[in-house]
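In structure tokens below, several structures.
Common to both upcoming complexes is subunit A, partnered first by subunit B, then by subunit C.
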Partner chain A sequence: MAGADEQKDNTDSIIADIQKRITEAFDMFDHESNKTVDVREVGTIIRSLGCCPSEAELHDMLNMIEEEEPTGYIRFEKFLPMMTKVLMERRYKPVPEDQLLRAFQVLDAEGKGYLSQEELTKYMTEEGEPFNQEELEEMLSAAVDPDKGSIQYKEYVSIMSLEET
Partner chain B sequence: MPEKWLHSVYRYTLKQLTSKWYRRCRANLEVRRRLTWNIFQSIEYAGEQDQLKLHDFFNTMLMNMATDGDGPAPLIKAFNVNKRESIYDTQTMPDTSEPSLYSMLNETDVEKSYKGVHLSFPLTHDQLHKMVQCFKRKLASSALTTLHAKYTMELLLEVRKVLKTQPNIRYASTSISKQFTICGDLHGKLNDLYMIFHKNGLPSVDNPYIFNGDFVDRGQSSVEVALVLFSCFLMNPNEVYINRGNHEDHVMNLRYGFIKEIQRKYKSHSSKIISLFKDVFSWLPLATVVDEQILVCHGGISDTTDLSLLAKIDRHKYMSTLQPPGGCEDIKTMKRDELIEWKQVLDLLWSDPRTIDGCLPNTFRGGGCYFGADITEEFLKKNNFKLLVRSHECKTEGFEYTHNHKVLTIFSASSYYEVGSNLGAYVRVQRPDLECRIVQYMAGHSPAIRKISFTQRVNIVEQSALQDLKKRIIACKNELMKGFQGFDPTNSGIISGCDWCFTMETVLEMELPWRTLKSKLVKSDDSCGVFYMSTFEELEVKHRYSGNGPSITETLYKNKDNLETIFRLMDADHSGQITMQEFQDALVILIKQLDIKIKETDIADIARSIDLNNDGLIDFNEFLEAFRIVDNLGKDKTHCIDKADTEEEIAHSPQKAIDIKV
Partner chain C sequence: MATAAMARTLTETVGVEPTLQMKLQIPNPPQGKSVALMNNRLRNRLRLDPSRALEPARKKIATIEAQRVMSVFEDTILKSEIISLMPFIVENLERFRISLGSELSDLLEQHAVILSSYEDIKQALDRQMKRNAAKKKPSRQSRSPTMSPDDPEGNQVLDEDAAGVVYTPSGTQSRQESERGTPQQSGSRRQSQASMASSRPSSSQSVGSNYSMDSQMERTVRSLTMVAQQLNTSSKNVIRAFQTNPSAMNTIKHEYAKRGYEAQTFIDYLKELKDILLNKLLTTPEEEKERMDYLQEISKRERNNAAIIEKMEAELKAAQDDKDEEVRKKNDVIRGLQADLRQIQKFSEDHIRRVNAEADKQKAADKKNSEGRKQRLQQEVTQLQTQLQNLVTEHRENEQELRRKKFKYETEVENWIQRFDQDMGERQDEYEEIDAVYTEEKKQLHELEERFKTLEAEYQQIMEERKQARERREAAERELALMVKASTTIQAFWRSFKVRKALKARKKKGGKKKK
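Up next, the complex of A and B:
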């Protein structure tokens, strides 16, 4: 009996902690301090909380919490329960670094150790989910080695994952 | 065939993975950027609040204490700047005929060795040009002198003469120039001013400017910025409009660096120049109206802002807008009209727009108010204006529209918090519809720095913000330790992340996202326990004088800014030195304000220990040298406190762990 109580307490405190994290992340984007955020920034909030949904998945999440008559804003009271659930169930976990590296390596069929800008652009813009021009340019500007003019993917992947911590 | 298929699967996977993962990295970066911004802003406003608390405190003292006796009365008297007799009290003084002005100038000679620019009045374009060039070279090499004290004084007296003829609210028109440029806070950043002139040209009949206050304090070149602006103003008094900001204020200058800068640059002439600046600032107009459609003022408005009332007041009374005008000692005895008038000025210089409707006291800054979109709407309608342009708040983009595009904030000091922290901007208002065109820039860095990526910039700025935050943390070490230990009855050295956040928030009184910051400030174990001692790693308060224990050192350090402000106030002749007695008085007052217990003998000890050369005088350098935060990076950085280490340390000597290194 005591054991069950303890476990329940423990779960409660985990939930409480998760909800505080969500609140902090939300507040950082709540410019008007009225417990709403711009719908365009919700993706950033969700991702900053350690989730990696695809654009389609993000779209579904937004659908769940948007007002019946979309206002362009998302309310905290709707965001909190949805996000708590996602985090408790550990959904949309990020891809491990080695898996990403593996994908790069396969595409670099010749084993050069790098991809050219053109190659990466081609992969990122063809089929599947759209990666828009702005995102692409940003990504290239961060990924392209300024001296070599190509993407040294091994370095790039490790730099980017370093920044996650 | 299967190979090709596999390839396409991988391509698809890569794309999926990369974009998900890339977007997550971007999100993290964005959060870090915002976090950094929050830290800087919290620290900045905490400073302003301190300043105001100090004021409230002194005002209370003024009301409750007799001005004679042996108490700290001289200090209090010194504090009331508005009451202190200005050397050049213009209200009663016929201007140019006043012999003391000339004698002051005559006392000052230009040495033969002076290599700077020579001025004669009226100023010529050539002279202005030379001065601008000279300051530019000075930026590159600090060995060069600034404008000579004599010319500085002459210039300030000329400016004052012209300012005196101007009304509180000036009216500007675009009928000749067809356009108008408005600049926001410059805060002593000459590079930004030059960037604006470079992009937008020097002021002239065709190119009028409004400088919307706060051109001094904080930056390193407040003197130069002020002199260039004033020269431009003298050359084109009808095309250059200078509004007063909340930093064109003697009391603010005491804390935020302008006084210090003058003392450094003018040495023995500084006291005269400080007095002159103080006086000139009080003559600056309060607002400008463009084409009867745009109101330009530094802070904003309130629900009581009344331009016709503002037009009538005697602005020169407000040597400092933070104190009751005209030497009135007791706020309670002030007439209602006087209070209303004072509030009008405060609101104009100190307010910030907020999205919440209505008008609330500005608790964050402590002065002025927050005004909502409804207040703006009502005010604009009543006065038949279409826009309010204000400055006063740093914005990442250098500008921001709020209140349904009816309020434009413009801030012209780029890299205000740290290299790359924000863009600067100015706005060009153009005929026929007074359309606003915003121009943004980042001034004064090598092309290499300008080109750094977003990621690198976030890194640099974040480091500097965390460093500043750490300093505040160290200053509160004792209180924080007490808080942490309260959650750690067994002295394990570990508390939960939640308790750590709670302690940080309540002790530091800073509303920051501590959960997000946690990983950057302390070490944690796998199950989210925090090794709280690691909060204080790398930085420690160092005090040359032992014997007073850590608490007094910390207390003094924490209040270093307050003390320095008090010192500068007490130093009525701006000589940079005060007596031992005055120093002790300052401490007594501060201690009383903070409601802490320190023995009288300790205070005397401290005072003595600071006066290194035993001449009975304390100079600011001695004082500042005595307390400083030392970056302990010199010691082995790879050494991490692991669990065993911490436990042992705390178990054997809990006291030792919190001692401050001497």
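Up next, the complex of A and C:
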């Protein structure tokens, strides 16, 4: 089977692969090509790399890599090791389908199998890390069953999970 | 052992003797025979008091004659007592002059003069008599036996008759008394009387032979008689004077002791005579006869008794002889036995000597042995004594130590006890105080508990309510948290989903563009 060297090589190759992916993602948003990105873009970069942290988690990560005097930009040198570590440790992975479903079931306190538009709006804007109006509309447009005028969250979850893979 | 047996037999033989002595005891003499001859009255009197049987039946003189006789006799004694004191009074006349009175003193002086003249005459007569006597000794000797006691009195009476004085019996007595009342002279007087009495017959006998001498003597005698008569009269006068003077009598009475010995004896005799006379006068002739009979009876009995005693004595002698004989026989036996005894003693002495020698030897050996043993034992004793001494000392010390310890412990214990008592007392007090407080507090506690119970019930209720409220809130919070989490999850998922969807779209375009 695979020896120690082989495993190490494997790991190194994985790291190289990851770093390559990070660099790609970073470069995509390095509009001035000076190895820096806007702070507001970092969340997008992280999410593009397959992670789905919450806003609070994202905020923590930004704190780690930010300059001592906030410039509004994040440098690649700092971003790379942090991101490498996160990816290596597979943190902030998207939750599996069943967990996502259960979260919807929690919101559906009466267990009727769906959420009304009002309910979803209320939860998404008042609880947790509230959506802004744009985000909410986007979600509603994607999630609301056009026939029933409500969110059949079971179907919606399976669609999203399907799309994710 | 033969000696012992012998000794026993010997004692047995000796033991018989007492019984023999018993046999030889003299039987009691027979009691006096009853006297049938005595008349009843006498016997009764005898029975009453034998010693008084001979006393007169009466105590007082019954007949007047007898009384007179007695009174005359008593008077005589009184007078003779006075007369006997006369010489003493005359000698000490000066001393008595006042108490006796002048009359009596004069009489006494007169009496003294007469007395002295009488003395002179009598002395002269005595001288003549001596001369006469020296000449006519033989004749006097021959006459002297004829003098009887009555003689002088008889002569005296004759003389007095001659003097022409009438004498009553009492007068005779008193005269005789007066004569004797001069003790210094009485002896010589009597002698002179005697000689007078004797001289008169003699004078009548031998008138012719000694005429000159006799005439002279006769003269002297006559003058003496006259003086005697004077003395007689003087004495009578003195006595009469005394009788009329009781105070003088009393004075004289104190001097009775001054009388001479002869006069005292004479008066004692007179008193005795008075008792006899009284006895005679008290006794009647019948009584006299009775008494005589009684005395005869007594004497007869006495004679009878004497005869009986004689007979008894003869018997006694015979019995004693018998006894002596028997004793002699017994003595023979004893002698024989004693000889035996002596022999036995000799044997036994030999035996004893032998035994003694053996015993001495044995004794010496034993003594030696015993001394050795004694010494050994003595040593042992000494050793043991020292040991004992040591042990005693040791034990004493031990004891002392233990005693000291004991004493210490005792005191300690006592102290502890005392302290304990004190402590306990204090604690008891404390306990009681605390108990009181405790009881009080318990009561309070009960009250408080009562109150507390109600409060607790209220509290429980409130708590229950609060708990329910909290649970509700917690549940709500939990739900909320779940919802938040769920929302966050959904939002995060949605955001990343959207980004990736956008990127995919861009990649497709970009990829196309890049390639």
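What we mean here is this: the second predicted complex is superposed on the first by the 154 of 165 C-alpha atoms of A that agree within 3 Å, B and C clash if a C-alpha of one lies under 4 Å from a C-alpha of the other, contacts with A are read in each partner's own complex, and residues count from 1 in each chain.
The rule is short, and it goes like this: contacts are C-beta pairs under 8 Å (C-beta built on N, C-alpha and C of every residue); 3 or more make two chains touch, one makes a residue touch a chain.
Quick caveat, the model's predicted, so the values are computed rather than measured.
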Combined model on subunit A where subunit B meets subunit C, clash or fit: clash
Subunit B versus subunit C as contact partner of A:Pro94, first or second or both or neither: both
Comparison of subunit B and subunit C by subunit A residues contacted: B
First (subunit B), second (subunit C), both or neither touched by A:Ser54: both
Which of subunit B and subunit C A:Glu32 touches, first, second, both or neither: first
First (subunit B), second (subunit C), both or neither touched by A:Ser141: first
First (subunit B), second (subunit C), both or neither touched by A:Gln152: neither
First, second, both or neither for A:Thr84, with subunit B first and subunit C second: neither
First, second, both or neither for A:Gln19, with subunit B first and subunit C second: neither
First (subunit B), second (subunit C), both or neither touched by A:Thr44: both
Subunit B and subunit C contact sites that coincide on subunit A, given as residue numbers: 43-44, 47-48, 50-55, 94-95, 99-100, 103-104, 106-107, 109, 123-124, 127-129, 131, 135, 138-139, 160, 163-164
Parts of subunit C lying in touch with subunit A, wherever the complex brings them together: 479-480, 482-501, 503
Residues of subunit B touching subunit A in the complex: 7, 10-31, 34-35, 38, 355-356, 453-455, 497-498, 501, 513-516, 519, 528
Parts of subunit A lying in touch with subunit B, wherever the complex brings them together: 13, 16-17, 20-21, 24-25, 27-29, 31-34, 43-48, 50-55, 94-95, 99-100, 103-104, 106-107, 109, 123-124, 126-129, 131, 135, 138-139, 141-142, 160, 163-165
Residues of subunit A defined as touching subunit C within the complex: 43-44, 47-48, 50-55, 94-95, 99-100, 102-104, 106-107, 109, 123-124, 127-129, 131, 135, 138-139, 160, 163-164
